[in-house]
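In the two assemblies presented below, chain A is common to both, partnered first by chain B and then by chain C.
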Partner chain A sequence: MNRVDGRQKVTGAAKYSAEYQLPNMAYAVLVGSTIAKGRLSSIDTKAAERAPGVLAVITHQNGPKLPGHKPVGKDPSQPQTVGSALRVFTDDKIRFNDQPIAVVVADSWERARYAARLVKAQYAQEAHQTNLEANKPNAFLPTQAKKNPKSPVADYQRGQVDAYKTGALKLEAEYVIPTEVHHPIEMQSITAHWEAPDRLTLYDKTQGTMATRRDFAREWGLPEENVKVIATYVGGAFGNGLHSWPHESAAIVAAKVVNRPVKLMLTREQMFTMVGYRPHTWQKIGMSATPDGKITAITHEAIGQTSTYEEFTEATLGQTRMMYQAPNMTTRYRLAALDIGSPIWMRGPGEATGAFALESAMDEMAYLLNIDPLEFRLRNYTDKDPENGKPWSSKFLKECYQAGAERIGWNKRQLKPGSVREGDWLIGYGMGVGTFGAHRGTSKATAKLLPDGTVLLQSAVTDIGPGTGTAMTQIAADTLGVTPAKVRFEWGNSDFARAPTQGGSAIVNTVGPAVQEACLALKDKLRELAAAGNGAFAAARKEDVTFADGYLTLAGNATARVTYTDLVKQAGGQAVTVESKPSDKGREYSMYSFSVHFAQVRVHQLTGEVRVSKLVSCADAGTIINEKTAGNQMKGGAVGGIGMALTEAAVIDDRFGRYVTKDLAEYHVPVHADAPAVEVYFVNQPDPHVNALGTKGIGEIATIGVAPAIANAIFNATGKRIRELPITPDKLI
Partner chain B sequence: MNQFQYVRASKPKAAIEALARDPNAQFIAGGTNLLDLMKRGVMAPQKLIDINKLPLDKIERQEGNIRIGALALNGAVAEDKLVLEKLPLLAQALNAGASAQLRNMATVGGNMLQRTRCPYFYDTAMPCNKREPGTGCGALEGYNRMHAIFGFSDKCIAVHPSDMSVALAALDATVLVSGPKGDRRIPFAELHRLPGDQPHIDTTLGAGELITAVEVPDNAFTRHVHYLKVRERASYAFALVSVAAALQLDGSTIKDARLAMGGVAHKPWRLADAEKTLVGKPATDETFRQAAEVAMRGAKAFQHNAYKLKLGPNSIVQALKNAAAA
Partner chain C sequence: MADEQPGLSLDHDEHSQARRTFLKQSSLLTALAFTPGPVVRAAAAELDEKVAAAFEKVPLKLAVNGKRYKLQVEPRTTLLDLLREQLHLTGTKKGCDYGQCGACTVHVDGKRINSCLTLAVMQEGKEVTTIEGLAPGGDKLHPMQEAFIKHDGFQCGYCTPGQIMSAVACIREGHADSEGEIREYMSGNICRCGAYTNIVAAIQEVKNGGQRV
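On to the complex of A and B.
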């Protein structure tokens, strides 16, 4: 089935957050600080205020009080982060470079932008810290781990502590990933509209309409129902929309002050500084193994960077704890707080970071052992979760290994690096494994049969590009026995049925069952209606009623036949809303999606250029609802992995605490020429425990493990082990 | 962006006069560089003189040379039959630059005069002698990965980012300009300057001078040419290092050679001494290595660009190999 919104997207009919035009709209442009730490000693807004078209210049000196805002560090309510999201114009403190210090509102965007340049600030500057390496000694255990020793970011131990140190054959290596920035094609933007003094509507780029609603309702001390968040089309996000950010706060403040709808669009430059990123992370792995290739111990440590006002943590060490059968396991996760904006999950969040270290180390160990790296992984394969002893809900990783190895031509790989070449190009093969929890949350969905026979489904969930709208339409059509054209799925509006934030590969797992159950409830209702109007149906057993092609029919009774449409006419068409929850039985299992990526690379021996010539991505992601959109996810994730491996790095000049790679000419996301045709293989076996659909989630495992596959292939091609990403030509010559 | 006036010139003379009258005016051609700089607040001309309507976009065969109008689009030049046949090195260099969309806006004159991509130049909150003389060079002790290894000064270590210009330097082009004081011809090697004590001045163009065309003399480098651009992604990135190599071969002996590098200096870096070592020698890896060694004499690196000391010669060898094999 094709994407339900494909046509809107390619014709430009799809409306993204910056495209809402409201009557009497004003435009806001942010002024950012030019120091990384200190205080604003003065801010001169006079020239800006006098500039043509300017309606207001708002700073901490004149900004309205946010009734529900808790000062930074005083709001423990954020579920994953400790501290509180940065809100604007509440104090004179500078916490990172380019932090918004003022917002200029004018009657046109150009005028606002011009006036923004006229705002002049003076600072009392303080010494800042932006260098992770220098701040490693100050790294600390996350508060979350201190409070809860069972937290996934707490220190973990099985067997003996740091047992690898006494292993006969051991490896010790450090790995570094730089800061990476999401950079979806659609930049962050928001239009804030106070429809009444206590009623706010936001047209926003967010991954969670409900979460954004909750955050800003709280900030303004409003009941949640007074805030409406609309995010129908989201032009990619990759995690960038998983938090509520300072610019959103600023737009809402601005709209309040000028009492007009206000649109605020970030520039590409601002996308680096204030809306999150994958944190620069240092890792160390110690591993020991027996000569016949059994891992005896792993110690995996990580230090990720965070801001001074929020503790952002991620599951960097999760894959290490559960992927291989290592009897002795130690993991330690720490944070270093720097004077920069807060990080946020970026596709395949911490797992992709951790997998770079783990899967590189697996390759390094296999090399030390002189064993094929695939064989090495097979020798350490686990049939139950070594972290908690539970059985897997399903695991078809071996099938993935085999399918991938065949497709890439793994048998052509030579154990000895640098043995395959074509002219000046060295050729190598590598693999990397990925995993991500098959999360399922609670969600609602509403289903309603309209008089024309169309089924209208609604959910607050967003579709940031994976094809949520398409998958849900398909699930509904299959459940109801109608063609997809008869299903209209509406999403991206906080007024619709409650749904979680799009993220964590959990949406099909979570909203899918809600849609399915809502459709089943709708069927029950139709059956009741049929029974009320037709004696044959009233007498029939439930199982004998068939729903297909828009009709209810009865087995063994050719005359009992009603159309859905007639039933709606008969009843006036009420909606059914259903809440769907994961079952408790799921807790008995360890639930994960798995992937393996195989890369063939070519490395030029003189120029150090790397070309990924072939990439095969195989996934055990449970039932695949839609091969097209799922395949798209895998390909997009693989290309993201190429960027992680070869090109992407946001660099700060620590002297100034400012980024020096601040546009897409300097921050290199892969282009088409960097991406080979990615071959995708799905095991497509239902998971019996995550939900009734059998799905496990795809979005993250599409990226997790790609970067090490490429790094390992580069080693195989050249004999050079690069442990700091990205692997640019200078590192290979 | 600042407010500015916009005028459209229809005759070269009018454009030159308009510019001469107003010290804060700038020509605008494709605008692919100038507009970015204005948006970032790096340049703030009070008047833009649009020269796109000037009749300066022809590509013509002339006695002894090919003349390319200053307003010919990068994309059009790269696809021009005459250029492909007679100046394939130039076509390759153009195609290595930017993206198809940009090449369809960018002009030949604008390409030569595009400004450095040094990140400190682009960020008005950081020091940069080129943007604001006297503030210091942010790159000197900063993130100087993309910076010069030849011809820099302690005031500026930026590189000129153009690919096209590297080929034009190798091919001994001449730049034609018209100004308030009349017309003049500038040998390509003399168009761009080294930073010295005045890094804010990129070129030797005088006030109010308009580039009208570039002439490339007839040459025999129609086959064994290669423009090698090493970059971090396969396309749409500025060069770490680039090499324009052109050989004239007699059997396997090198009769004549042209060699220039990009991404290594404040101007396209012609390698005359290395060219000399090539002439008369067999076209072998050994010869190419020797030439590369000569080419790199005097190179000096900074904290983050030491790789260029190796990538430079390697790229020269590879470009020459590719040229010889073409």
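On to the complex of A and C.
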């Protein structure tokens, strides 16, 4: 089935957050600090205020007081980060370079942009720290780990501590990933509209309409129902819509001050500095194995970078603890706080970072043992979760290995690096495994019977591109036994039924069952209606009523046949809202999606140019609701992995604490010419425990494991083991 | 060509009106010269802005999607911002403002350009086509739009109008003869969702189908 919103997207009719036309619109442009740490000693806004068309220049000196704002560091406002999200114009402190210090509001972009240049600030500068390497000695255990030794970021131990050190065959290696930035093509934008002094509507680029509503209702001391967040179309996000950011805060303040709707869109440079990124992370792996290829111990340590005002943590070491059968396991996760804006989960998040180290080390160990890397993984395959001893809810990773190996032509691979060549091009093959928790949360969904005979489903969930609306329409149509054309799914509005933030590959797992259950509840209603109008249905048992092809029929009674549309019309606007939760029984299982990526690369032996010539991504993601959109998501995740492996790095000049990569000409994301046709294979076996649909999630495993597959293929091609991403030509010549 | 947009035109009379306003303000300034210093400075600053504002705009005539427009625009307004903010044609997307991502691709006199890298006033007399004007009209889609839906050549949809405008131009230019050639000539259009495999498939289908684009 094609996407339900395809027509909107190919005709330009889909409206993103800076595209709503409101009367009397004003435009806001942020002014950023030019130092990384210190205080604002003065800020001169006079020239900007006098510039044509300017409506207001707002700074910490004249900004309105936010009734619900807590000073930074005093309010752990986000459930998963310790600290407090940065809000604007509340004090004179500078915490990172390009931190918003003023917002200029004018009656056009051009005028706001020009006037923003006229704002002049003086600073009392302090020495800043932006270098991870230099700050490794100051790394600390995250607060949540200190409070809770069972936290996923707490130190983990099974068997002996650091047992690899005494292993017969061992390796020890350090891996580094640089800061990577989400860079969705739609830059962060928001239109803020105070419809009344206590009623706020936001058209916002967010992954969670409910979370954004909660954050800004709290900031302004408003009841949540007074804030409405609309995010029908989100132009990509990859994680950077998982937090409430300073620019959103600024647009709302600006709209309040000028009492007009205000539109604010970040520049590409601001996308580096204030809306999160995958943090620069150092890792070290120690691994030992027996000569016949059984891993005896792994120690995996990581130091991730965070900001000075929030402790951002991610599951960098999660995959290491559960992927392979290693009786001795030690993991240690630390943070280093730098004078840079806060990081935020970026597609695959910490697991993708961790998998680069783990899956590279697996490849290194396979070479040390002189065993095929695929065979080495099979020898350490786990049939239950070694981290907690629980059985897997489902695991078809071996099927993925086999399917991927066949499709990439693994048998053409030579173990000895540099053995396959075509002219000046060295050809290599590599693999990398990915896994991510099959998370399911609680969600509601509303189903309404419309007088025109269709069913309307509503959920506050957003869609950042995977095709949520399409999957939900299919789930509803399948459950109701009608064609998808009879169903309409609406999303991206905080007034709709409560749903979680889109992220963590959890939306089909979570919202899918809510839609399914709402449709089942509707079927009960339809049965009642059929019974009321037809004696045969009244007498029938529930299980004998069939919903198919737009009709309700009765087994063994050819005359009992009611069209579904007629029933819906009779129902006259009836609606059901259901809440769907994961069952407790699920806790008995370890639930994960799995993937394996196989890469074929060509490396030019003189220039070091790397071309990914073939990429096969195989996934055990449970039931696949829509092969087309799911396949697209896998292909896209693989392309993201190519960027991670070969091109993406945000570079800071530590002298100024400011990024020198400030646009897409300097920060290189993969383009058409960088991406081969990606081949996708799904096992497509339902998971019996995550939910009744059998889904497990795709978004993250599409990226996790791709970068090491490419790095390993480069080693196979050249014999060069590159442990610091991205693998640019200078590292190969 | 199609009808004019009466609501958006500013005819010559209105333009001369703006000039008269300026002259009036200039005489007012002269009068103010006889009043005390601080008052004059404040008033002059205020009027300077108004005077500047009137002269910041220049007339522009162009056609967009077959509609002729007579406009007054600031010389620094890009074609992209004109389309999105003044003509409310938001199908053309802003993804970087530096000509690096291709999301703002439109056709000017049949050729693809990045509308963020060109000033609106440079398009005097030109014919601009945006994604909203690509289809022949009514419910019918352009074959490239159909192919993008069929091959799922997008995810979030934000780069999609630019990809489609570029894809059409790519075929018209004769740069869609192989998968490799399409990749090369489409590399100015970034898709961060990574739907490249499907975009290339869509372009190949249209190219091989031989439909007129």
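Simple rule for what comes next: the second predicted complex is superposed on the first by the 729 of 733 C-alpha atoms of A that agree within 3 Å, B and C clash if a C-alpha of one lies under 4 Å from a C-alpha of the other, contacts with A are read in each partner's own complex, and residues count from 1 in each chain.
Simple rule for what comes next: a contact is a pair of C-beta atoms (placed from the backbone, for glycine too) under 8 Å apart; a residue touches a chain by one contact, two chains touch by 3 or more.
Only a predicted model underlies this, so the values are computations on that prediction, with no experimental measurement involved.
*Asks:* Given the superposition on chain A, are chain B and chain C in a clash or a fit?
*Replies:* Taken together on chain A, chain C would fit alongside chain B, as the superposition shows.
*Asks:* So, does A:495 touch the first partner chain B, the second partner chain C, both, or neither?
*Replies:* neither
*Asks:* Give one of first, second, both or neither to describe whether A:186 is in contact with chain B, with chain C, with both, or with none.
*Replies:* Touch partner of A:186: chain C, not chain B.
*Asks:* Which partner does A:265 contact after superposing on A: first (chain B), second (chain C), both, neither?
*Replies:* It touches chain C, and chain B stays clear.
*Asks:* Just chain B (first), just chain C (second), both, or neither: which does A:638 touch?
*Replies:* second
*Asks:* Looking at the overlay, what does A:7 touch: chain B (first), chain C (second), both, or neither?
*Replies:* Once the two structures are laid over each other on A, A:7 reaches chain C alone.
*Asks:* Taking the superposition as given, does A:730 touch the first partner, chain B, the second, chain C, both, or neither?
*Replies:* first
*Asks:* Who contacts more of chain A, chain B or chain C?
*Replies:* The larger set of chain A residues in touch belongs to C.
*Asks:* Mind working out whether A:668 is in touch with chain B, chain C, both or neither, as first, second, both or neither?
*Replies:* The answer is first: A:668 touches chain B but not chain C.
*Asks:* Based on the superposed arrangement, let me know which partner A:466 touches: chain B (first), chain C (second), both, or neither?
*Replies:* second
*Asks:* Just chain B (first), just chain C (second), both, or neither: which does A:110 touch?
*Replies:* both
*Asks:* Nearest CA pair across chain B and chain C in the overlay: distance in Å?
*Replies:* 5
*Asks:* Following superposition on chain A, which residues of chain A contact chain B and also contact chain C?
*Replies:* 110, 114, 663, 665, 670-673
*Asks:* List the residues on chain B that touch chain A in their complex, please.
*Replies:* Result: residues 1-3, 40-41, 117, 119-120, 122-123, 125-126, 138, 141-143, 145, 228, 230-238, 240, 307, 310-311, 314-315, 317-318, 321 of chain B touch chain A.
*Asks:* Looking at the complex, which residues from chain A come into contact with chain B?
*Replies:* For this pair, the touching residues of chain A are 34, 110, 113-114, 117, 269, 424, 604, 606-609, 611, 646-647, 651, 653, 655-656, 658, 660-663, 665-666, 668, 670-674, 726, 728-730, 733.
*Asks:* Quick one: which bits of chain C touch chain A in the complex? Just the residue numbers, please.
*Replies:* Residues 45, 49-50, 52-53, 56, 74, 76-77, 81, 84-85, 88-98, 100-101, 103, 130-132, 135, 141, 145, 148-150, 152, 154-161, 164, 179, 182-184, 186-200.
*Asks:* Within their complex, state which residues of chain A touch chain C.
*Replies:* 2-3, 5-16, 18-19, 21, 50-53, 108-110, 114, 182-187, 233-238, 265, 267-268, 464-467, 628-629, 631-633, 635-640, 663-665, 669-673, 675, 677-678
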